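What follows is chain A paired twice: with chain B in the first complex and chain C in the second.
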Partner chain A sequence: MVIQQLLNGLTLGGIYALIALGYTMIYGIVKLINFAHGDVFMLGAFVGFYVAVHFSSNFIVVILVAMAFCMLLGLLIERTAYRPLRSPSASNLIGTVIMVGVIAAAAFLGRNGMNTLFTSAVFYEGLALIGVVIFLLAKGKIRVKHAGASGTSRINALITAIGMSIVLSNTVAIINGPQRVTFPPVLELGSWNVAGMNISGLQLFIITASLVLMFILYFIVHKTKAGMAMRAVSQNINAARLMGINPDKVIGFTFALGSALAAAAGVLVGVFYTVADPNMGSMYGLKAFVAAVFGGIGSLPGAMVGGFALGVAEVFGVAFIAPAFRDAIAFGILILVLIIKPTGIFGSNVKEKV
Partner chain B sequence: MLKVKNLKTNYGKIQALHGVSINVYKGEIVTIIGANGAGKTTLLNTISGILKSSAGKISFNGTDITNVPAEKIVRAGLVQSPEGRQIFPLLNVEENLQLGAYLRADKERIDEDLRRVHEMFPRLNERRKQLGGTLSGGEQQMLAIGRALMSKPELLLLDEPSLGLSPIFVQQIFEVIREINSQGTTILLVEQNAHVALQTADRGYVIATGQIIMDDDAKALLKHDSVRKAYLGG
Partner chain C sequence: MDAIFNSYTLQIITMCCINIIIVQGLNLISGITGQLSLGHAAFMSIGAYTVTLLMLDLNVPFWLALPLAGLIAGLAGFMLGVPILRLRGDYLAISTLGFGEIVRVLFLNSTTTHGALGISSIPHYTTPLISVILAIVGFIVMFNLTNCRFGLALRGIREDEIAAEMMGVNIAKYKMLAFAIGTGFAGIGGALYACQITFISPGDFAFTRSFEQLSMLVLGGTGSLLGVAAGVIILTVIPEVLRFATEYRMVMYGLALLIIMVFRPQGLFGNIRVNL
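Moving on to the complex of A and B:
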């Protein structure tokens, strides 16, 4: 019974860990809690679902397409939502305006279908408005102002992240409808009965896959030039620039990596629990965030250990205390960590330099 | 090689540089001395592209590099070893040095330069696998200079290399600076320690409240009355 639950816990924990890595990487490099990260995970599940239903039921294809899609999405979110806050230039803001237009058009299309788009007045009004704004930005008629002190701009980024989260989940809700979708079986691995326990091949696969992805990430961060640049930017951004490192590129790379891992987690959840819904991002996202804090935000091993620990704790709580405690356990852990060791397991005390 | 003309830089509404002009010619060691808050670091950071200037012009080897982003300026061969060393504390010594060569792809030359840095600072070779943050101040300064050399600079900007170092280390560091210069790298050196800076340099500028108030041969500045009074302790 305990071992059976441990297996369940590690499966869930592997998923939390994959999502938590994204939180922790992005925090490590731009000091931003990217609350849209859970929704990138949700989109990964949905892209996987659409690929599986419409194109290919090959698991490898499904997961790779979802990861590639979310990589681009992560880059796009960084480029259009967060970068303009760091360096508010007209060209950066034009990207943001175009992104807003594309999201609005996608939502409109999802709701009303292709035929109505070009015949509706709203479409042309929107297009005209976007055109005017871009024109004014390009001509310098709209002046952009920097938030100034880093404290203010960090809060701006945090609010933007929450906004981005709402935009993503609602766009999917409009296009797909708010109901959940059922994943087709793209990966069937059977199960074995060992000593009275039911060991599912899928669970073993998920645990292995998450460990493999973590190992790949660890390799990228510690053994490649790009990974070294990531660590350099997270430790001292100005010194990194003096080495010729372009921080914007490194930050984009970090978002792409984190989003790909979240997408993989999304597909794994879809395959294992067989459902996906537009709001799943918030709960998984919050719990993975708890896992990242538990392990020590900013620390990669912390996110991995925190994810697995939280998964196991949650499943044990459900099995041995009461199912209703499922969510309470994760957030109870968050409260305890914040009281006892706010820096988490692997976190170190950060000295604020004067 | 480096021409700075009438450069102005602001922090918000406060103006830190009030029209600074300096020249650095190939092969020289030029020093800028001045008190705390005179604008020395601001000047270097504006040249390096970390700060944006509000007016004036910077050109390097005939190309205009005013307000070009820092990461592109490094590519042109203008490299800064920043004030307070700013090494990467959680990377080891070797990784810090490799980051200096971030923009380079010629692996053999990089290894060659790594050997050269190790010859110059044998201590860095001994501590290859140690984290940058655990080094002593002097070792960190060696690492910062070594890291800058790994970028293969034509012009090396050094910001306060003597800061916080014991007199013995200061002597060592300045010997190395002369050695780097004799191997063909032009050097622009910013220092509060005016005495050792002027002894090392060919020419010097004196900066006060964001303006150049004097420039001359380093030897002449060493003997100059007002320089002696203000910066050399009488």
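Moving on to the complex of A and C:
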């Protein structure tokens, strides 16, 4: 029974860890709690679902397409929502305006179909409005002032992330409808009965797959040049810039990596629990963030350990203590950990300088 | 006159006033003292449930239950503040968020609160007049609080904790007081909310509502009392205006939030930034 639950916990933990890695990487570099990350995870599950239903039921294809899609999405989110907050130049702001227009059109199109889009007045009005705004931005008629020397404050980025999260989950809810979808069986690995325990091949696969992905990430961050640039930017963005690193590129790369891992987690959740719904991003995302804080935010091994620990703790709590308090367990642990060791398990203790 | 003040617009005005009271409280905590809180809705729910249970189960009159709701929410804030206000920045934010979720799950599993079913047929005591008067009173209280020595100490903590401590500000005490008063405001707002909507359930007070309140604060401009009013009114009215576009409402809301943050980072009326 205990070992069975441990296995369940590790499965859930592997998924939390994969999402948590994205949170912790992004936090480590731009000091932003990217609340939209949970929704990228949800979108990964949905892309996987659509690929599995309409194109290919090969698991490898499903997960790779989902990862590639979310990689691009992560890059786009960073480029159009967060970069303008760091440097509000005209070109960055135009990117935001275009993104807003595209999302509005996508939401409209997903519901009403392609034909109505070109016949509706709203579409042309919106197009005209966006055109005017872009023209004004390009001419320098609209300017955005920096709030301070170090760019805008982090709380703005936080609200932007919340806005992005609302946009993503509701766009999916419009295109797909708010109901949950059932995943087709793309990966069947059977299960074995060992000493009275039911060990499912899928669980073992998920744990292995998450460990492999984490290892790949660890390799990228610690053994490649791009990873070195990432570590440099997270230590000191200005010094990194002086060393010839382009921080914008590195930040984009980080978002792409984190989003790909989140998409993989999304597909794994879809395959294992067989359902995906447009609102699942926020709870998984929050818990994964808890895992990242638990392990010490900004630390990769911390996110892995935190993810697995949180998954096991949650499953054990549900199985042996109080099933109804599922969502409270993770947050209760979080508050306890923070009170005892405020920097998390692997967090470095930063001395405050006066 | 009647065309403008029909029951629909009066309801929106009432909601605006209730939200102003709540976000004023958040402003004291996050805007003035600089302690980012993502669990403000939890204190709102404590106020809402307190007033409801007092009135329905113990037959306490509304005018006694209302201040009690504020008091109990403030007390809860104070008690939560003791352990977690030692934390800084994002760690504080995420633990307040966690606390909010814990409170929600507790209400969800308690039999006194009827769990997920919620409590319906709460007496409708919140008239537009009461909410407007209380919002104005709250405004005056907050204005005076933030413009005396107390407010100065809080601003000092926001700008630089160490420097404030050097100047003799008892940081723990002031943070705790700000937290208690701010959450007390949320409690009163929550009580008014319960008596306005006449139905409450734990799902009404999820973290999304805390996010919404923080969005109102940042949109208006953190630390500015005028900004609070503006942010609340805009984010309460936008979903109502967009009601014709039922499905697109939330997408547009999110996009509006994003655009305002990108194009006006300091908030509509703000010139002060929060240091996380």
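Simple rule for what comes next: the second predicted complex is superposed on the first by the 346 of 354 C-alpha atoms of A that agree within 3 Å, B and C clash if a C-alpha of one lies under 4 Å from a C-alpha of the other, contacts with A are read in each partner's own complex, and residues count from 1 in each chain.
In the analysis below, a residue touches a chain if its C-beta (ideal position, glycine included) is under 8 Å from a C-beta of that chain, and two chains touch if they have at least 3 such contacts.
Since we're looking at a predicted model, the values are computed, not measured.
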{"item": "Which of chain B and chain C A:A107 touches, first, second, both or neither", "value": "second"}
{"item": "Partner chain(s) touched by A:T96 [first = chain B, second = chain C, both, neither]", "value": "second"}
{"item": "Partner chain in contact with A:N236 - chain B first, chain C second, else both or neither", "value": "first"}
{"item": "Contacts of A:I159 with chain B and chain C, given as first, second, both or neither", "value": "second"}
{"item": "Partner contacting more residues of chain A (chain B vs chain C)", "value": "C"}
{"item": "Partner chain(s) touched by A:A328 [first = chain B, second = chain C, both, neither]", "value": "second"}
{"item": "Chain A positions touched by chain B in one structure and by chain C in the second", "value": "148"}
{"item": "Chain A residues touching chain C - in the complex, by the definition given at the top", "value": "27, 31, 33, 35, 81, 84-85, 88, 93, 96, 100, 103-104, 107-108, 111, 142, 144-148, 152-156, 158-160, 162-167, 170-171, 173-174, 282, 286, 289-290, 293, 297, 324-328, 330-332, 334-335, 338-339, 342, 352, 354"}
{"item": "Touching residues on chain B, where the partner in the complex is chain A", "value": "12, 48-50, 69-72, 74-75, 79-80, 82, 86-91, 95, 98-100, 102-103, 147-148, 151"}
{"item": "Chain C residues touching chain A - in the complex, by the definition given at the top", "value": "36, 83-84, 86-88, 90-91, 93-95, 97-99, 101-102, 104-106, 108-109, 162, 207-208, 211, 214-215, 218-219, 222, 247-248, 250-259, 261-266, 273-276"}
{"item": "Touch list for chain A against partner chain B, complex", "value": "148, 225, 228-229, 231-232, 235-236, 238-247"}
